Amino acid sequence: MAEQDPLNAWAAVQEIRKRSPLVHNITNYVVMNTSANAILAIGGSPVMAHAEEEMADMVALASVLVINIGTLSREWIKSMFKAAEHAAKRGIPIVLDPVGAGATPYRTRTVRELVAATRPTIIRGNASEIMALCGDGAKTKGVESTVVSPDAVGAARSLYGSLGSVICISGATDYIVGGEEVFRINNGHPMMTRVTGLGCTATVLCGAFAAVTPDPARATAQAMAVMGIAGEIAAERAEGPGTLQLYFLDALYRLTEDDIIRRIRMES
Amino acid sequence: MAEQDPLNAWAAVQEIRKRSPLVHNITNYVVMNTSANAILAIGGSPVMAHAEEEMADMVALASVLVINIGTLSREWIKSMFKAAEHAAKRGIPIVLDPVGAGATPYRTRTVRELVAATRPTIIRGNASEIMALCGDGAKTKGVESTVVSPDAVGAARSLYGSLGSVICISGATDYIVGGEEVFRINNGHPMMTRVTGLGCTATVLCGAFAAVTPDPARATAQAMAVMGIAGEIAAERAEGPGTLQLYFLDALYRLTEDDIIRRIRMES
Amino acid sequence: MAEQDPLNAWAAVQEIRKRSPLVHNITNYVVMNTSANAILAIGGSPVMAHAEEEMADMVALASVLVINIGTLSREWIKSMFKAAEHAAKRGIPIVLDPVGAGATPYRTRTVRELVAATRPTIIRGNASEIMALCGDGAKTKGVESTVVSPDAVGAARSLYGSLGSVICISGATDYIVGGEEVFRINNGHPMMTRVTGLGCTATVLCGAFAAVTPDPARATAQAMAVMGIAGEIAAERAEGPGTLQLYFLDALYRLTEDDIIRRIRMES
């Protein structure tokens, strides 16, 4: 079936539903609810916790750690470092979402320090966020961008080369750089950019798939494909971004092998 | 009509809609929006506030205080203690949700201190959270569990005996221990476990009902029955956890006496 | 077309969709997600950020600053002052939502200090919140009120006179005081009061419109009309406040000139 489901995404979905891995999130206030719901809908088990006092103990229970700096502040950053340190010790995957990197020096600096200290397994962002990690001085306007330029892919390659982190650049086409081959996923729908936090949702799905798929580049590609496919299914029924958001969760929950085989659009 | 609506839940719903009691919540970031919406949908008036500087004044306006430790941190815990102290002085009900108790020592310790200091009117949690309050060393995996073992009911009885708090264990069957009789509510739908924060929603509904029903065990049973009934109504139309969440709020808003009479499944 | 769209609201909607102005929000935890989604649905670009370290840099990117004190605390208040100071220097509009002013002395004091220090371009609240700003000692019960009394309009006039801020009092009829004329908007639907944070959504829409419409009184009236119209469209299909919330976002996203012309109900 490699022809039809080249990423073995369906096997991974089944594995998530069976094992219900605990995904520990230190994330932003805007998307906590929707991230938790996406993890539940695909079959995982979310926990949101940020108190420094319980970071070591919570990470000890988790199958994967997801860090998202969307509404960062001093105290939370301390917990991000502490959680990442314990995750690294335990050898569980660390997924980082550098929300708004490049928008302010505080964000850029924090994220670069996090990256240097934790060497995340996977980093998922939009093109300008990834370029900001690389010091390419791309200007970020808030948290949105759908353009993936060759420069951004170059930045991803360079980050992968120096850090060993799988780099995912989200956009109309998602690029996943994690070795020789680059996965390009063409699933998704433009209306998804009008729902807040779907980028952050993609990140937590990377976490859920990384908990069951040992190869992090493949796990990321699986997550981005499933994300885009669920978005397409939702967009067929949605009349706007309000209903899209809910139909998206329904689609994750109801996802079938047939959905994946019929819809996946990948190049590598 | 005691046959048909043995808890007089309908009278309580009407009373909430009429009086619109102010429910003061100190709760976690994940569920703030959905908790406020559930309180509004059933007819109450929610307020979310946590600044230590206004705890005394806000509690003074409230009909009930709901404390939920889901995303606990040092500063917020201080406010929880302060709010509970003022609620106790005023004699309004205190409802506690020990989210994730047992998952980390920080959570378990915090919740035990809160319980000892505030002697909540009602405590609602899942089986492992309730057992963690009791020192039975049950292991919590994140924030989910639907199994209610005889041990958990024993823990609830023991907590009720020592604290006088009504204890509600949520699960496929909800157990409410608050005196000689144990209420068992069999309403609800399995898909509800795939929506984040419906446990926390149950807790705020306990708060809304406790604001109008003087007997806290009865108030808790009313809340759990209404919760489960609204979930069943929603699940009949929902195609997944996304739409379930919204239809659930619609069902709370539209709830009729007939819904309760036709659907309530209680043993005591 | 002045007869039909007396506020030129349609031109403003088109302008928002074209320019996608960055709306910087320092707002409460309850409504962060829904506020961001409303800004995206109307065509703007939301950012939620509150760390003091990045206030100056984030405000420098924004077209408008929205401050909402819903879940205020010491650290966040510092950031509100700092952001407002930088917004004033840059000359971008500042929109303030005094959530719960009058409910506790801490809130009332904080909001009065914010108003005095920042002289917001627009202040939007319900009648009791606006009266609390004015020192009229109106009692606020939580965060709800739909009654707009002559006293409240008097308070708004007095605030406008002393501060120069456009004052919007939301209710069944919205009053916008910003000069000689008072705009009264009669759009909206009663079910909207059963969804948390729609007042806060109105405030962020004031922000989005103020980013493209130079006259702040007109911008506020445009926002309140669009808000009410989208709510009416949503209420025609919704079966309760759950679905209303989503259909509202869909309606913002799909809004047409015809919707505005056919539905706007304004007196001035």
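When the chains are written out, they are named A, B and C in that same order, and each has its own residue count from 1.
The criterion applied here is as follows: a contact is a pair of C-beta atoms (placed from the backbone, for glycine too) under 8 Å apart; a residue touches a chain by one contact, two chains touch by 3 or more.
It should be emphasised that the depicted structure is a prediction, and the values quoted were computed from it without experimental measurement.
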Rotation angle superposing chain A onto its copy chain C by C-alpha atoms, nearest 5 degrees: 120
Interface sides of chain A and chain B: same vs different residues, half threshold: different
Distance between the centres, which are taken as Cα means, of chain B and chain A, whole angstrom: 33
Sequence positions of chain B contacting 2 or more other chains: 29, 33, 245-246
Complex contact set, residues of chain B against chain C: 22, 29, 32-33, 36-37, 40-41, 45-51, 53-54, 57-58, 61, 75, 245-254
Residues of chain A defined as touching chain C within the complex: 28-31, 33-34, 70-74, 100, 103-107, 141-144, 193-197, 238-243, 245-246
